[in-house]
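Before any comments, here is the structure.
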Amino acid sequence: AGTLDEITKRGELRVAVQTQGPPFSLVGAAGERTGSSVELAELMAKEMGVKITFLDFDWDGLIPALLSGKADLLVADMTPTLARAMKVAFTKPYMYTGSTVFTKADSKFKSTEDCKAKGTKIAVLLGATGEKEAKTAFPDADIKSYKGGGPLLLDAVNNGQADCGVNDVSAVKGQSTAYPAGSFTIMPDMLSKEPLAFATRYDEQDLLTWMNLFLDQVSLDGRLQKNLDYWVNSDDWKKDH
Amino acid sequence: MLENFSFRTIVEYLPLFGQGLVTTVWLSLLSFAGALAVGIVLSAMNLQRGWLFRVPAKAYIDAVRATPLLAQLYFLYFGLPRLGIILPELVVGILALSLNSGAYVAEIIRAGILSIPRGQVEAGVASGMTYVQRMRLVILPQAFKVTIPPLLGQAIVLVKDSALLSLIAVAELTRAGQLLASDRFMPAEGFVTIAAFYLLLYYGLKGLAALSGRWLGLQPARSSI
Amino acid sequence: MTNPSKGRTGMIEFRGVNKWFGALNVLKDITLSVEPREVVVVCGPSGSGKSTLIRCINGLETIRDGDLVVDGQRLGDPATNMTRLRTEIGFVFQSFNLYPHKTALENVTLAPIHVRKIPRAEAEKAGRELLAKVGLADKVNAYPAQLSGGQQQRVAIARCLGMRPKIMLFDEPTSALDPEMISEVLDVMVAVAEEGMTMMVVTHEMGFARKVAQRVVFMDAGAIVESGTPDEFFSHPKTDRSRAFLSKILRH
Amino acid sequence: MIWQQLQSLAGSYPLALRGLGMTVMLSLISLVLGTLIGFGLGILRTGGNRLISGLIGAWVDLIRGTPFLVQIFLIFFILPELGIELDAFTAGIIALTNLAACFICEIVVAGIRSVPTGQVEAALASGLSRWHRMRQVVLPQAMRIVLPPLVGQYVLLIKDSSVVSAIGLTDLTRVGWLVVQRVPNGLLVFFLVGLGYFIVCYPLIMLARRLEQRMGAAHGEVQL
Amino acid sequence: MTNPSKGRTGMIEFRGVNKWFGALNVLKDITLSVEPREVVVVCGPSGSGKSTLIRCINGLETIRDGDLVVDGQRLGDPATNMTRLRTEIGFVFQSFNLYPHKTALENVTLAPIHVRKIPRAEAEKAGRELLAKVGLADKVNAYPAQLSGGQQQRVAIARCLGMRPKIMLFDEPTSALDPEMISEVLDVMVAVAEEGMTMMVVTHEMGFARKVAQRVVFMDAGAIVESGTPDEFFSHPKTDRSRAFLSKILRH
């Protein structure tokens, strides 16, 4: 019996999420779990006709949860690198984003070039692809890896503990809304263009096939675009959450 | 996760773990030195008769003991910049560990001093020593002996606590494991390796405690009842 | 070694001294004068206040009312420098209280070096002589834990003598000792007495009292009940309480 | 801005309460179980059987010497590979109980060893069995030494319980992490988290100090 | 109270007993027999092995070679139930070792209730009687810390008697006591001896030895050097070592 049979029998889709912050995965004011990825996962469960259970881990627990079979799939704003794909099976990308540089609005670092100066303190997220990219893009800089999610990067830059931050552009945009408008300068140029994808195990080929089909379907019928427009490409979600 | 356990990858990451280990060791050493300094000052304040020094010292010790190191770390890390003090992460980390462990060290020192028999104090008094002389010549040398083992116990705690500094971007031992977990998605390899290194440090410190006990001529514990 | 003091008054003068522990009146209206070079033995039942009495003399306990004048200085008087005064008074404890982290010699020289500010070399020379005097020339570098009880107590006596005190106080110096070690300590005490030291000794060793004491003081329930020469006291105790006490300690 | 953040934080109080509840629940259950097991281990460890005593010693060392995070991972993620499937709460309880038991074992051993040999000999001489020696003579006296550090250890364990968030339990610390996503003010959020722990832990610290003073007074603690 | 035992052999029989602490031979080839109802006093210098000798009898120390037979049972024999045997042997310690968390009565009844399985009410009745016998009828509910040393030691003796032992061992029962309390404890011991208990007593109280002992055993450096009636031993000690020892402890 395949994973899909199991899910049907169980009547429950178990999804591991990491609550990295808006817009992909967050906990709303009333404690409700929501975000772009979260809603997509909910949509998946609806299409499967089962109920959904979110397993909320921090970064340390996310991969073990998937690998140990505690979760069927993993929904986070995760970049499918080739190294990672040696261990888990990624779906096809459902959106493209990329890392960007941001600074405090009144900072003396005005452009990505400025940040290449020797000794610039650059905040990145531990384990995120931005960490790797910052290392290549700013070889002379002082890279600082933080744990605990994108908002803490903004906080570090805002407090002056770092000169610039490097993170996924959608995350930066989504998360900077918690600050007064114009607190940060987000550089227009991207360090990289990266896909985002969901992950599952290689022994769950049936589920992987189904998820890929799901992504095809929702992009064809516009539901994916609607989700992204609401969460990623605008601030609309702020009104409701 | 275990069936594909990859020793090869661990070996590949070993230099990184090595660096992390070195960082953990020296930042623990510095923090412990700091903790001793903080602890000595606090216990001196705590042993005063007057409330002026004793009360603040007690309050500080209680506050530190009753709250998690994580909260203390962030309190310093996010709080200091609001006062316009921007320090490198490592410094903040060492400061946080020193201030945290210092409270526990203070309690250990106080207990050590109070464990010295009353007769020792009286012998000092009777031969006309001043308070400072008594402390320096009679009480502290003896208290030192009894505090060494619990102090090394606190050092073990401190080494493990230093893992928390990975949160504020200090590249110590734990972080090396996390890197392995996130780059290669090999959490088992990452964390088991970390555990092995911490265990190594633990046995090192424990051995030191046993040795110091023997050097200082402390009685080995009775083995059975 | 001694330094007989200023004329008229006694070396130690209790005048109507009272002391309380909470509600307990442990010293009741004590009046007692000890002359220079006099040896006074204090005895009495347990809890009668003997230790408290001699601990007041060097200020290990403080008194509530009455006067206590030691070597011409009134205790409790702001003009009296207690730390100074204590250097003139040696105190030997029942439980020795040697510093366990110091050798015999270091125990003896610690206070002379740090309190009397005597140069180390000189203090050590004097210390060795004192240890030889109490029969421990070969134990100079031994730690207290390596010494028998009797040896420890002799080091403790040497430690006091090292300060060249005018007065020596002993609080049951032999009662924590094995019987065969008692005499070696008493012998040293007899020698110190014979050199003319002013001494107050709490003890039940009646042989010692007969041999060197000029006076025996019997205490009960915080008061001095009887006081006299050893002969008088042992042969003709005047009160029922002292008779009862003597019968108990001399019977076995 | 602070005002806006405070408002936003106020909205999260049900989440915070749930987190606090989780922390208290986890701690309470595992401390009770850990105390029982810890006493058992301590008694066995001081017993005559070298093998048992050595095994317990090695286990305690292993637990004390490795990060709690790793222990909790092994229990939650690796045990299933041996066919032992646990939900996060149970796994958290087991991991914390084990940790508590190991630390408490050490405290109990120290307490038992502090009882003067003469007491044990007196009990031996009157023919009391090992169980009665422990129950009637040694343990009641060891408690004086055990209680203050035991309560102190509780405080440390309550704080250690925050590590369970790694396996997906939403305890007080985890709530802090979640809230800081929306209200990116680390200082404020973790100050409040610290306050939450303080409310739980401070009474215990006071209790430990009271116990220590009671025991100290009985021993005749001195002024210098 | 006693229960004279099986015929020929002594109640306590040492035959060529040796004991080592590491490299130290603390008991050297001890041969000694104690008859039922006999009272033997053991004396000798500190460290001579007196405590070790009597602690072997109830198995607080184990011997390396030789035979030790107590009440007909050979120690170290797998057939011997030590816990059972210990209930037949009372042991009184120098430092009393009362259970500080139990009242005097609870100290006395603990073992009878839990070891002898005597009903609580009955054990308490017997306990009160015993405490009355040692003169402490009014201290039944006092905790050890509320009692003087002499009172504590009397409770400790009552605690042993509560088990109705065949043998009582005493290890310097009075040497931690204030002088006036010694006689109250010795009086109780004399009473126990006079009821016909088999006793081995390590003590330096020579008055007690003269009064009740049938035999005095003198030990030195782990060996029994001399053994005889009190009169013989005190008046005509045979060896130099015993003479030297007696001169030290009797002098003061």
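What to note about this one:
We call the chains A, B, C, D and E, going by the order they appear; numbering starts again at 1 in every chain.
Simple rule for what comes next: a residue touches a chain if its C-beta (ideal position, glycine included) is under 8 Å from a C-beta of that chain, and two chains touch if they have at least 3 such contacts.
Quick caveat: nothing in here was measured; it's all calculated off a predicted structure.
Annotation of chain A and chain E: jointly contacted by D, touch as defined at the top.
More C-beta pairs touch across the B-D interface than across any other pair of chains. Chain centres computed from CA atoms place A at the largest separation from chain C. Centre to centre, using the average C-alpha position, chain A and chain B are separated by 37 Å. In terms of their C-alpha centroids, the spacing between chain D and chain E amounts to 46 Å.
Centre-to-centre, using mean CA coordinates, chain C is 52 Å away from chain D. Among all residues of chain A, those that touch two or more other chains are 60, 64, 67-68, 148, 155. Residue positions of chain C with contacts to 2 or more other chains are absent.
Shown for chain D are the residues in touch with two or more other chains, namely 69, 73, 77-78, 81, 185-186. Every pair of chains meeting the touch criterion is listed here: A-B, A-D, B-C, B-D, C-E, D-E. In the complex of the two chains, the chain D residues touching chain A come out as 1, 8, 11-12, 14-15, 18, 69, 73, 76-78, 80-81, 88, 165-168, 170, 174, 177-186.
For chain D in complex with chain B, the touching residues are 46-48, 53, 61-62, 64-67, 69-70, 73, 77-78, 81, 109, 112-113, 115, 117, 120, 130, 133-134, 138, 152, 155, 159, 162, 173, 185-187, 189-191, 193-195, 197-198, 201-202, 205, 216, 220-224. Considering their complex, residues 45-46, 148-149, 175, 178-183, 186, 204-205, 207-208, 245, 248-249, 251-252 of chain E touch chain C. Listed in rising order, the residues of chain D touching chain E in the complex are 116, 118-119, 121-129, 132, 136-137, 140-141. Those residues of chain B that touch chain A in the shared complex are 1, 77-78, 81-82, 86, 89, 166-169, 171, 175, 178-179, 181-188.
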